[in-house]
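Before I ask anything, let me first share the structure, which is written out below as structure tokens.
Naming follows writing order (A, B, C, D and E), and every chain is counted from residue 1.
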Amino acid sequence: MSRIGVFVCHCGENIGATVDCAEVAKMAKDFPGVAFSIDYKYMCSDPGQTLIKEAIKEHNLTGVVVAACSPRMHEPTFRKVAAEAGLNPYLCEMANLREHCSWVHYKDKSTTLKAAELVRMLVEKVKLNTPLYPIKVPVTKTALVIGGGIAGIQTALDIANSGHKVIMVEKSPSIGGHMSQLSETFPTLDCSQCILTPRMVEVAQHPNITLYTYAELESLDGFIGNFKATIKLKAKSVDHSVCNGCGECSAKCPIKKIPDEFNAGLGTRPAIYVPFPQAVPNKPVIDRDNCTYFRKNGKCGLCEKICPTKAIDFSQKDEFITVDVGAVVVTTGFDIKGTDFFPEYGYGKYKDIITGLQFERLASASGPTLGEIRRPSDGKIPQNIVFISCAGSRDPAKGIDYCSKICCMYLAKHAMLYKHKVHSGKASVFYMDIRAGGKTYEEFVRRAIEEDEVNYVRGRVSRIYEKDGKLIVKGVDTLLNSYPVEIEADMVVLGTAGIANPESESLAQKLHISYDQYHFFAEAHPKLRPVETNTAGIMLAGACQFPKDIPDSVSQASGAASKVSALFSQNELTRDPLIAFVNKNTCVGCFMCQSVCPYLAIEKEKIKAKDGSVIREVAKINPGLCQGCGTCVALCRSKSIDINGYSHKQVYAEVMSLFNERSLEYV
Amino acid sequence: MQELNNKIAELLTNNLVSIFISYKKGLNGKIKPAFFTKPNEVYENYFGDEAQQNLAVYVHKPEVKKYSKVGILANIFALKALLQLYAENQIKDNYLTIVTVNQDNKVIVFADFNEIESYIAQHQIEKNTNKQKEINELLSLSREKRWEFWVEQLSSCIKCYACRAICPMCYCSKCTVELNQPQWISVPAHSLGNFEWHIMRMMHLACRCINCQECSRVCPMNIPLHLLTTKINSDMEEEFGQIAGMKTTLDFALNTFKVDDYENFIR
Amino acid sequence: MSDFEPKIIAFVCNWCTYAGADLAGTSRIKYAHNIRIVRFPCTGRIDFMLLLKAFQSGADGIIVSGCHPADCHYTAGNYHARRRWIVFQNLLNFLGIDTRRITFSWVSAAEGAKWGHLVNEVVDNIKKIGPYTEYAKLGKIGIGSISEGNYARIE
Amino acid sequence: MKIGFYPGCSLEGTAREYNESLKEISKVFKIELEEIIDWNCCGATAAHSLNKDLALALPARSLALAEKQGFNEIVVPCAACYSRLFTAYSELNSEPEKLEKIKEIIQIDFKVTSKPINVLEFINKYIKPDLKDKIKNKINLNIACYYGCLLVRPPKLLAVERYEDPMIMEEIIKITGAKPLDWAFKTECCGAGLSVSKTDVVNKLSGKIIDDAINRKADIIIVACPMCQSNLDMRRKSINTYLNKKLDIPVLFITQLIGKALGLDSNKLGLQRHFVKVSPELFMQKGISSDSVSNKIGVEV
Amino acid sequence: MHTELNAETLNLNLKHKIKKDTGEDIMLCYQCGKCTAGCPLNDEMDISPNQLLRMLQTEIPDLEEKVLKSSTIWLCLSCETCFSRCPKEVDLPKIMDYLRSESMRQNSVNKKASDIVAFHRSFLSTVKSVGRLYEIGLIAGYKARTFHLLQDVNVAPTMLLNGKLKIKPPLIKNRSEIAKIFDRIKELEEKEK
């Protein structure tokens, strides 16, 4: 016979002002199986907790219902209380009287009645609860970092320096990411490469870091502490163990006109290439899509002939390796919109309208113009340059709703760099708001305006068209009574929106993590758990979560690294045992459950006779893999699968306890 | 017929099967299932248009299962049922020898289920337009009228479970209807339990039912169960493009999904 | 309208709609009191039989709600549930069961306001349609009809 | 083939040559444009400026009449009429309450099934596919294709591709051998609705358009809207006075250009009706470089 | 209980009336100025389009009155350039249509715009009596209303010469139907008042 205790919390006024808590406690006393019931001002306070503990002992309770706030808030608290009183923690349930009742309804009889019904529902459930014990799993102390930009580099170094192994996977031939493409960085104007490249080298040389470039995550199985990652190592066609990086092959490669990704399409590169001189590793790969040898059935092969170390290996194949890791940090970065999606800015048909990233390359000493600002169409130095912020950002009609956050700052930097390089030139920035929140950020923008006399115009540009070799930029100055501003520019730089990586959706599916409507990966909690995902053991850092600048990316990276280190400080993890299990006796082994399980947690188990012959096969759930979604439970026709915490009996009792003919009478 | 008899006898003689499930004529002239274990019984074998019962149901009966190798004469419905059972992991390899007679009266012994798959693909069962018409008529009624219709039909159910017993796809060792912890299906033969039973059965048969309509044939109360099976089959085909008993692989409407399944009904 | 107060039961998943309803609470969004929420780990766990049981126990309306597509905490539970609902709804409709009384929705953890609107809409709608008695009445038709309230209980 | 035809008021008067040339080229492709019996004015800017019900009711009546005559599609050559008719067509289709109200006002029961299409859609769908085979006279001219506003905007309603830089006219005239120009003003407003009441505005706006076309060495401007044509052509003298220039570039309807390419007679196409004279030499094939043509055009304004 | 805003009991601001009547939400505008930058008539207008929206956002009665009395609303050509480029998809032409009729209703039509209103009026009266547009009738009516008797005398002869003007009005068969449409709309309007 059940002996259930009901503890109704007033939560100060939060519940008490709307729900008659004393009445709820009184009604609960009459529910079948309830042995004790009481209301109290703050059940989560120390005296409240003591009250529960004493009642459990005194009344020998077999189950507890705490009628208070949302279980998402305090379930762990009260389960701990139950455990401290010697009751199995899983025999404690919470009725949500605050978020689902007192806060959303007005003070009324019906509200108190609803509260009582919610309590009865949970009483019916808790009667059927069974003692459960946490699952313990070992931790593999190796982290997988996906993406070798600044966020990934920082994460990897931090984890590696705390003594744990790191495997880094980077899809392009070199690590470095977008930061390696930047010229100078705001607000200090120090050279991006100068601060980044030492870190890149450190990654390559760190004894705890294994680096796989030109590689992608193929799949990820398992769970926190025990992931299995399959990594695809794309064929480089160059044996890096032999190659000495002399660069002869790139110099002689007859294919030279491939748009250069590193220069954001402004320069060209050969088919066998190192993305940039400071690349790590500084050894080439062959871009098979553009290589004559691969496109025309073995014609060419010049690089193979001239390679002094015989490192060229056309026969290389994609390789797959599987590694065991305990945690994953996703640092895959972001992308930017091109110039081609703005109808009013010419659909990308004007060569001299470029993106901010292209400007970075023009301004960079390692760029296609060696740092001179020259326009792409004819190589002339622009005397009049226009920067347009919010190109695609804050534009629900054509772009994205959000503010890309970094553009205000980098456009101010661009204007400044331009003025430093072209003293006679004129620079204008069209903006809507200048968002320069950050340490010395506002000062930086003011410097652009005050010292470098950049012409800031408040207004969005309506249209750009080409006339006599000039780009006519039409806008208004909304601070001047909407006075028309028409600039005959030589070059226009669009601060195009920062958007999610195009592959983020498929990566999210491989990782089983969620993403927001813009395909940025979703953090577990926007404020309190910003570096974790909803899947335990998978963290986020950098611009794959949202566009952010270098300082923010680096701090988030260190945050993610410390989360990983904290996880690796334990030898074992405990998990909630709310998982599914199979009744072997009734399972008929149709294995439909297997195909719905997102975690591949269902295996085939052979039932054998005494002589060892197989009688039949049944499903078996691997408790380490099961996450407890219960999809298999609802699918199983013979109801041979059940799930702890939400068992058939429990949910049935909950449903049947509501609205039945013996419905509560409010007195 | 002779060719078929010879084949069955041959299978039994050479110990390729230890039991052969087929049809024979009963004393009252009705066609009923026959279970031959010896070649000399095969003379009783009967096969013709009246031999309609779906023999696949016997494959998972314990009485048959005790034999190590089983042969079965399968009409097109039985073939579909067997294929579906195979997909559902209910038929072990090398356990069944499946025989059919095609439209030219040629006896075919299938080497494996892949052959059955291609045979079925070539022998599509024509849709019974009359039944579809009945369904459309029902659907054209107001909801209330449809409700009245089914209340009347299902109130006569006596929960004899003949529909379950004859169904090749109902092979669970413990049916949900027999569970009482909790009691999913109300026990007394009142209409509530009847509705629950038939709704549950249809949900469990969705995209598994091969629409042989044996359940409707055997119902002692003449409940038009074929309307339900036909409806659920045409639904599955329309909504998800899936037909049961067509593939060796498990592709059941409710264990797969498409990201772009329609959801205009979801708010 | 009469003073009919419909009984609405909501089957929701823990990660999105339950959290969304929590958010409605923390945002103090007021909505009709007629709703009782039953928590599930995922919409994939929601057994169609429970919907029938809810009608049996006297619910006038049912809300089934979970995470938006692509947002499932367990990646695909909501997709499986969506299929199940398509099949189930078609079947119930064919049997003449009033499917207007079942509302399916996606309410994310961030959509507290949507949850409030949804509940109000459903309550208003069911108030218009009236009490659902015909399904529960089935227990009184047929050979083995049962008396009121005498449903099988487990304990 | 028969197709519904809503000429609109201006094709009866100021843009007669548009009507004539459209009918002439349709004849070549064996398409009969059948006028909606008893159609009425669409209400134009005046109606939607003053009363939104009237702005729906007037086009709705013509749509209803077309439906009664059994037309699935109605060719509406005037861009302004097209805009009004199409707006009515989509609003009445998507908002049943509005439809009920309008049916009450016009006292005709209809379902809004006749879809208005503009002249570019018409040419694209029914003429362009066979155009190449029927060309008799290659056009050797640099052409500025001018769209104006109402054939491309609002893009949400009309679902036009590349509405800031449309290419549909360019694709069509390329077939005739003509060279379409990339220019900046193809979708700028000519001042349309203020043609009579604010002539100076029209002078300024239309002046800019003509100026840019000439700057980019266009021989002619082609249009698909009678309002644009009348502003660019009929108002040329006052534009020239306003700009203090002598701009002499002819403005032709796209239908007239196609007509010339098909080898049709200039008078049948109404080329004699233009204010800015269209020289017959313009369409001669041999020995005329595009530069010399523009010099030779005799213009009397 | 949740109370609903009631248009009858509340004296609504112009922006609320616009929301109610056209569905357009003035508050969406964040004053980027793109509409104004692309507007072909900005130079002529007394209030630029983006400022007009800002004035409506404030709910200040004086500013609302200025909007209704502005020449801007009458100069708008409905060329739809602003709407097609607006990042917030505010349908300004639709709002202009509303403001024009509201301005007429409140007898606040800008003096400089009287020509335009006169043109629209004579246009519609031609349509009402003839069913279609009749240029000579239109122009004559317009000129009688505005006293711009000499305007366009320079183009008319050439038009006649080129066969572009019809002397005879293009009457449609069921003219009375058109007139009835006008009458019913007037009735409806009065009912709504």
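Just a few scattered comments:
Assume a contact is a pair of C-beta atoms (placed from the backbone, for glycine too) under 8 Å apart; a residue touches a chain by one contact, two chains touch by 3 or more.
Keep in mind it's a predicted model, so treat the numbers as computed, not measured.
Any chain bridging chain B and chain C, meaning touching each of them, is among A; the list is complete.
Two chain pairs, A-D and A-C, are compared here, and A-C has more C-beta pairs in contact (counted per touch definition above). Of all chains, the one whose mean C-alpha position sits at the greatest distance from that of chain C is D.
Relative to chain E, the chain whose mean Cα position lies farthest away is B. Of all chains shown, A has the CA centroid lying nearest to the centroid of every protein CA atom. Averaged C-alpha coordinates give centres for chain A and chain C that are 32 Å from one another. We define each chain's centre as the mean of its Cα atoms; on that basis chain C and chain D are separated by 57 Å. With centres taken as mean Cα positions, chain B sits 48 Å from chain A. Per-chain Cα centroids separate chain D from chain E by 23 Å. Annotation for chain B: residues touching 2 or more other chains are 176, 181-182, 184, 254-256. Among the residues of chain A, those touching two or more other chains are numbered 344, 463, 596, 635, 648-649, 652-653.
Across the assembly, chain E contributes residues 81, 89 that each touch 2 or more other chains.
Pairwise chain contacts present here: A-B, A-C, A-D, A-E, B-C, D-E [touch as defined]. Taken in their complex, chain D has these residues touching chain E: 9-10, 12-16, 38-41, 43-55, 57-58, 61, 104-107, 149-150, 152-156, 163-164, 187-189, 191-194, 196-199, 201, 205, 234-235, 237-238, 272-275. By the touch rule above, chain B contacts chain A in their complex via residues 88-90, 171-176, 179, 181-182, 184, 204, 250, 252, 254-256. Residues 344, 390, 394-399, 432, 458-463, 474-478, 481-482, 484-485 of chain A are the ones touching chain E in the complex. The touching residues of chain A, when paired with chain B in their complex, are 585-586, 588-593, 595-596, 617, 635, 637-640, 648-649, 652-653. By the touch rule above, chain A contacts chain D in their complex via residues 343-344, 346-347, 349, 463, 465-468, 472.
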